[in-house]
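We call the chains A, B, C and D, going by the order they appear; numbering starts again at 1 in every chain.
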Amino acid sequence: MSTLTLADARTIIAAGERKADEIGQPMNIAVVDAGGNLVAHVRQDGAWIGSVDISISKAWTARAFDIATKDLGDNSQPGQQFFGIHTTNGGKVAIFAGGLPLTRGGTVVGAVGVSGGSGEQDQSVALAAQAAFASA
Amino acid sequence: MSTLTLADARTIIAAGERKADEIGQPMNIAVVDAGGNLVAHVRQDGAWIGSVDISISKAWTARAFDIATKDLGDNSQPGQQFFGIHTTNGGKVAIFAGGLPLTRGGTVVGAVGVSGGSGEQDQSVALAAQAAFASA
Amino acid sequence: MSTLTLADARTIIAAGERKADEIGQPMNIAVVDAGGNLVAHVRQDGAWIGSVDISISKAWTARAFDIATKDLGDNSQPGQQFFGIHTTNGGKVAIFAGGLPLTRGGTVVGAVGVSGGSGEQDQSVALAAQAAFASA
Amino acid sequence: MSTLTLADARTIIAAGERKADEIGQPMNIAVVDAGGNLVAHVRQDGAWIGSVDISISKAWTARAFDIATKDLGDNSQPGQQFFGIHTTNGGKVAIFAGGLPLTRGGTVVGAVGVSGGSGEQDQSVALAAQAAFASA
């Protein structure tokens, strides 16, 4: 199983934190490995306490289904094919922006989840984190 | 981290009870501190037993995301950016009216949650409770 | 169903707080009604946050089985007839001192749960709370 | 309410990691703030995935009751005053070694939880992490 390391997770989180600082919105950032298990999490000072769980759930979801949580969300609205998926898996399926798979050589090896601002803000931080891993 | 005391919670709850009596709808009223932990709860005689949990969840939610639960609800409808958030955090995210953050000097130091009537009634009691803290 | 009121709960809690102040140990005190549903809870300043849940569980347990939680605990040790009961009911059965039934005319109408110190301290506060109800 | 920062959490975790490296046992290390909410977590490469949750629960427990989880464990054995406490609070009370409160000026401002080895190993890493905070 190709996966990522704690050193990778720190690179990913550091890039996310820089982006969060840049946009002025403190964030929770979580990274899971290929098994969907948490590798590292940080809550920046002042970030929402309700987003601890959500950042981890977004990362887990992005790896669990190898999909951006925003895209899963598009398919999980009322009337769509996955509507209701958010209550499965003990409720830890996050269906809104901020979770992204992390790939190496075309294989998903983990995921990042970001929570602490608007969906757009969370997504921008997750994208910065993902980009740092891609270029590492 | 600035927080509130049990004496504060009692002032907040007393104001909420007065408003509930005024509108003739018995309520559950809960107050959490800056860490999101319960400080005090009352269920007025005749108030719904299913609202014990909801009042506490509303208070927790308002502190966990530093937002009125009504406003979070507006952003959590199908198609909105936070749709699905209500199943995160073990299901304790309340996305309807009645939860309000409590601030001191511009900092959120806790929150109040009210449940027992219509959304409008819950909100009116929460607003009275919040106002009492602001002027204390 | 004979039960108790919010006014009763306040009398009970006030007595518990006086005892807690007297022994110098801040406490969580919870009161449930005849249905086992929470009527009121307070966490004194400085009391353990992990005891919010426990005080409520103790009160619920004392009414759920019409027994002092300390006595239930004696019957729930390894090898005893109720060993394992603490994982039933979603884990909210408390099997250590601090929860007491509240009776009126020989009928259990609710219960009080106290958590925040040693078993002996919790029990002493619960007894003071119970006595206040008996003499009210 | 005095609390700790993400920078504090990183100092604490770094010291824990050094100790874990020294004893050759990869660990999960988690830090919570004064409200019991997670500030940061790391899982060292090769550390048990079942210990992600336990490290966080140990940190939460040490703050929730302002006690070393090892000491709480001593009081939670069959026949002891807190036997059964491990199923309260939704099962997140950890009653074995590896969780320690973190104090500043005599006040508990957070806690560290370590899981990944024997109780003795977890405790030694938690002690190193705690010492780093005390001397920071």
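Rule of thumb we're sticking to: a residue touches a chain if its C-beta (ideal position, glycine included) is under 8 Å from a C-beta of that chain, and two chains touch if they have at least 3 such contacts.
Source: prediction; values computed, not measured.
Centres computed as Cα averages put subunit A at a distance of 29 Å from subunit B. Remark: subunit A and subunit C have CA centroids separated by 42 Å (rounded to whole angstrom).
Each chain gets a centre from the mean of its Cα atoms; for subunit B and subunit C, those two points are 25 Å apart. For subunit B, residues touching at least two other chains, in rising order: 35-37, 90. If you draw each protein chain as a dot and join the dots that touch, the picture is not a line, a loop, a star, or fully joined; it has some other shape.
All chain pairs that touch, listed by label, are A-B, A-D, B-C, B-D, C-D.
On the side of subunit B, the complex with subunit A involves touching residues 35-36, 60-61, 63-66, 78-79, 81-85, 87-91, 93. Of all the residues in subunit A, the ones that touch subunit B in their complex are 48-51, 53-54, 57, 73, 76-78, 86-87, 91-97, 118-120. Put simply, subunit D touches subunit B in their complex at residues 1-3, 33-37, 90.
On the subunit A side of its complex with subunit D, the touching residues are 5-6, 9, 35, 37-45, 49, 52.
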